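Each of the next two complexes has chain A plus one more chain, namely chain B in the first and chain C in the second.
Right, the complex of A and B next:
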């Protein structure tokens, strides 16, 4: 029975490989159907085998992979209380996204590459989730990097898209180096890469090593999860098809960093400095993302920055010791962010392939279903009371506040401010897209082709996600509610420290959060309910371009990198070494003859002949070169 | 090996057979087609024998010789035909046989000038390389070393691209400078040993025990090291490589990168380290530094290249830097990783050179700013290119990762900052490989004319290599088992810190 767990990985892997190898020969319907079936079957299997995660969970190992001296790494899976819900979420949400993609890609000729990569993406993510050792986790980690590269740059004829894919791969790989070094360090000091063993033996590490390793793990997580300072790839990742955005932002990729930190939480939590760094990175990124989202004009960029910001909340949760809170927010966020992206894809199609929200408007009437679904997602994102996003965000803020020292109060303050901004930019988005009249007037009217009705499969994948998002709070209601703390209870010690807070404090913070959402909504209504052309001030441009991070990095990293490359290539290799060679070559030529002359007396005759032959050859080619050969 | 007719000189036959094939090509010089077939048959027979040896002798092995032959040669000088096969040479011999077949197949339609001579040289080259990997007699080794040099010189000089003469002469001068010094050093050891014991011999086993006059060893070792470092190549002796690799015909590039670079590392392991253990130990920190420098230098300069072939060539400098780093930190895991990485680099870089050749054949250019849009024009070819580029970039699950990971694990154990810096090379590798992929695969097709996608012959070259890449990436033990013990013993003899606890 336990060996069936391998099917969780093999189904999407085989689906991806079939599409990669023979997908070009298959019809679009068959190739897409295969991809959906592979992931859907994995989701069903995950649900069916869920009980295997109970207790200590189930471990299976298949094949040895890397072995040398005392290094033993295999293809082994760990299906436990942390990985099972994550795997279930990944497969279930991915199934809906795959279904949606069937409709979205209905006119795309190159479907095989798309569905192959989509399946492989899920496979790689499941490797991260289910790996029982860090090397296999790293395989998935790099795998999602590659798949995101291929999918973001899916429309490769446009160099801009391929560039965005390249950027995602490269920037996340900077983070991967930190994770790789953490692996090396862990193995060097604990002699194993097995996740359970690492967590169990982490206490044996010196405090400095613990902090170092925690920071390195944070570095790795920051890359994949698009947190400061490696966040620049995420907004550009919008270049890919919308299902890809949904996959990257909800089910796979950006959640990987959070999951890594939760997976190794017993180790990470031993380092107080490491936790503080994680909390700080999370809070700052949450704030940064929210400010940028305030001024974005492309619908998917708003959502991209909101992802960055929400994942920041998850980091904050880990940093304040609430791994369970991070997982809770990760799950609800996966539902409503997938929903928002998929609804955004519908919105873009309805608006005649218009991305700019300042040129949309009035879409509410065009498709009520899309409107209500999008609104459900938006309510969750904004943290409107009783939605999934409200409970999960609130749990994080409560955990931060209840730690009760100046540092945690300040990260709580930053988090609360971010919550306000979140409501503001979310409702701005809703108003600009759906309220008022259509403003797409400047567009040529010749877009008749885009007025095709949305495929049913695109519209009807939205309501299930809306239901999941709105009801997501049930997963882990706060103390005092019926069915409280389901997820906390299920995760047990894996979920981190229990949050100690009085009921009164909890209610007070909930009240504060509600007030913040209300303020955000009122401000948005005041500024955006009736459309005004966007302001173009310096601050607006600063926020629009993400605090000029790209430009700063160009000066900080890219230009120096190119300059050193130039120096080594033109300066050292060509001038210094090869230039010096000209002189040396003549000298060696003379030396060679001397040696040959000296050697005749000593060596058997054919070696002499050999040397003479070489000299003759050399002369022949030199003459040819002078003759212009 | 009792059942393995020890009386038949398998190894000598293996070295001599391609030479006979070369003679056959010259005899068949009237018919180009016959020469091609002869080249293919001979290289396939060699591959068959090597594959058979691998099946028979592979698996976990100790440090002894799997096969050992010792025949009389030049008694007057004390030189003998001593050949030996151990786990490391077994794997490298197999790689040689594979890549020569690749070389024959990629040249099939491409090389039209002086076809008989081309295949004769290619087979001679194979003999030379096999001999280098098998010789245990220093004079014999030197002979094969030079045999390897000459055909490559002509392959570059006659069948190469625009700047072939410059590249050939440069290749020749660099390697010759090194190998003449090595010859001097061989003679030095030979004479010292003869003087001491009265027995003049070139046998490695005997010379290993020579007690050299005070002060000699570092100089003799330096001469060996120089010859091998040029071949590897170690920074700053690497500037012959981009020219030679770029100007060589495709088969030449495949063999240069896949095999000739390995002979440098192999020479160090087989001769340099055992003959001069003291100076070798002293040189390790320098080797580690130069390996690390090469890792970054090669990657950095590769990123600057506009010529796809030159970019791949520079990537070899980077990869070989990591191999040397693994040897230099001298932990069992790192040494094992280095051995494995020699094989990995040979396969994936060989495949990349073959692919660049196929693409250049179709596009008529190798410049990244003139290529692009390959995926739209030849998706199967593009798929293979992507696959091998990812392998070269060290994507886990493919071959290079396995070797690199072991090297880094071993290096970190010996000296944490070496491992950490080596890991940072990942980003540099990604930078140039992504640039290569970007330039070749993506963007709009540059012209409307249709391209032929992968032909059957090209598929036969690439598909087996792809299978090997996957195999090495997911279960390298098959190829690691024969040399595990050797790596452990090498690490112990180099006195590396932090061995197995």
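Right, the complex of A and C next:
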């Protein structure tokens, strides 16, 4: 029975391989259907096998992959109380997004490449989620990076898209290096890469080593999850097709960092400094993303920055010791952010392939279904009371506040401010896109198909996600509600420190959160309910360009790198090495010509030389004879 | 010995130098070959003289060999001269400078 767990990995892998190898020979319907079926079957299987995660969970080990001295790494799966909900979420959301992609990609020529990469992505993501050792996790970690690269640059004929793919790959690689160092360090000091064993034996590490490893793990997580300071790739990653943004850059891959920290939470939590760093990174990124989202003009970039910001909340949760809070927010966020992205894909199609929200407007009448779905996602994102996003965000803020020292209070303050900004930019988005009249809507000609109705499969994948997002709070209601703390109870000790807070405090914070959302909504209504052309001040541009992070990095890293490259190319290679070799060759050539001048080819000069040589020899012998007596 | 050995050596040296002069100064291939013959004969003369002086046959044997060798050499070189003349239409030694570096 437990061996069926392998099928979870195998199904998407086989689906991806079939599409990669023979996909172009299959019909579009068959290749897409295969991809959907593979992931859908994995989701059904995950649901069916869910009981295996109960208790201590189930471990299965297929074979030893690397075996050398002390290092023993196997293809082992760990299906426990942490990985099971995550795996279920990944497969379920993936299934819906694959279905959506069937409609979205209906006119693309390279459907096989798309579905192959999408399926392989699910495989790699499940590797991360289900791995029982860090080496296998790292394999999946790199796998999702590769698939993400391939899918961001899916329309690679435009250099902009290919560059975005490269950027995502390179920036996340920076984080991967930290993660790899952390793995080596862990293996060097504890002699194992097994996740359970690492968590159990972490206490044996020296405090300094623990802090170092925690920070390195944070570095790895930061790269994958687009947190400060490695966040610049996520907004550009929106160059990929919308299903990719929904699946990889909202629901699953960017949360892999959070999952990694939760997976190793028993280890990470031993280092107070590491936790504080995680909380700080999370809070700052949440704030950074929210401010940037306030002034973005492309609908998908707004959502990208909001993803960054929400993942920041999850980091914050891990940092304040509430791994279950992080997982809770991860799950609800996956639902509503996938929903928002997919609805955004519909919105873009309805607006005639227009990305700019300042040129949309009035879309509510065009498709009420899309509007209501998008609104449901937006309510969750803004944290309107009783939606999933409200409860999960509130749990995080409560956990931060209840730690009760200056650091955590300031982190809470930053989080609360971010919650206000979140409501503001979310409702700005809703107002600009759906309210009022269509602006600038006369679409540029040549966009085939904008008048076609949306495929049914694109529209009808939205309501299930909307339901999941709105009802996501049921997963983990706060204390005092019926069915409270389902996820906390399920995760048990894996969920991190229990939040100790009085009921009154909890209600107060909920009230504060509600008030913040209300203020954000009122401000958004006041500023954006009636369209005004966007301001162009210095601050607006600063936020639009994401705090100039790209330019700062260009000055800090890219330009020095290019300068060093130029120096090595022009200076060292061309001047020093090539010049040295050329000089040596020239010298030898010149010497050769000098010697060659003696070989005149004229018989007479040879004969003269012969005679002179003979004369010289005779003279030598004569002189010797005479001198020697 | 009727002729003093010193005279033999002087004549032989004169012949050698004259031959060398022809080899060095002439441009015509045949004249250069003649110069070579004169040089060889000068050497042969010295050998015969020495043989007569010491009353030993070695020198004369050497000269007989030398003559045979010279005959062969002349046969080959004259054949080559004919071939070269056909090739370039000239006997000037400086025309043949294909080996110039």
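By definition in this document, the second predicted complex is superposed on the first by the 564 of 629 C-alpha atoms of A that agree within 3 Å, B and C clash if a C-alpha of one lies under 4 Å from a C-alpha of the other, contacts with A are read in each partner's own complex, and residues count from 1 in each chain.
The rule is simple: a residue touches a chain if its C-beta (ideal position, glycine included) is under 8 Å from a C-beta of that chain, and two chains touch if they have at least 3 such contacts.
Just so you know, these numbers come straight off a predicted model, no measurement behind them.
Student: By the touch definition at the top of the document, which applies to A:157: first (chain B), second (chain C), both, or neither?
Tutor: Touch partner of A:157: chain B, not chain C.
Student: A:484 in the overlay: touching chain B, chain C, both, or neither? Say first, second, both or neither.
Tutor: Neither: A:484 stays clear of chain B and chain C.
Student: Examine A:204 and indicate which partner it touches, taking first as chain B and second as chain C; both and neither are also allowed.
Tutor: Neither chain B nor chain C is touched by A:204.
Student: Name the chain, either chain B or chain C, that contacts more residues of chain A.
Tutor: The partner that reaches more residues of chain A in the superposed model: B.
Student: Scan A:556 for contacts with chain B and chain C and give back first, second, both or neither.
Tutor: After superposition on chain A, A:556 lies in contact with neither partner.
Student: Which chain A residues lie in the overlap of the chain B contact set and the chain C contact set?
Tutor: 595, 599, 602-604, 607
Student: Taking the touch rule as given, give the residues of chain B at its contact with chain A in the complex, in rising order.
Tutor: Listed in rising order, the residues are 74, 76-77, 143, 146, 150, 153-154, 157, 165-166, 168-170, 172-173, 176-177, 180, 183-184, 187, 236, 239, 242, 297, 300-301, 303-305, 332-333, 336-337, 373, 375-376, 379, 383, 390, 395-397, 402, 405-406, 408-410, 412-413, 416, 419-420, 423-424, 426-427, 430-431, 434, 438, 441-444, 474-477, 480, 484, 487-488, 499-501.
Student: Write out the stretch or stretches of chain A touching chain B in their complex.
Tutor: Where chain A meets chain B, its residues are 20, 24, 63-71, 75, 113, 135, 138-139, 142-143, 146, 149, 153, 156-157, 159, 162-163, 166, 169-170, 173-174, 176-177, 180-181, 184-185, 187-188, 191, 561-562, 564-566, 568-569, 572-573, 577-578, 581, 585, 588-589, 591-592, 595, 599, 602-604, 607, 610, 613-614, 617-618, 621-622, 624-625, 629.
Student: Quick check: in the complex, which residue numbers of chain C touch chain A?
Tutor: Contact set of chain C toward chain A: 20, 23-24, 27, 32, 93-94, 96-101.
Student: Enumerate the contact residues on chain A facing chain C in the complex.
Tutor: Touch residues, chain A against chain C: 595-604, 607-608, 611.
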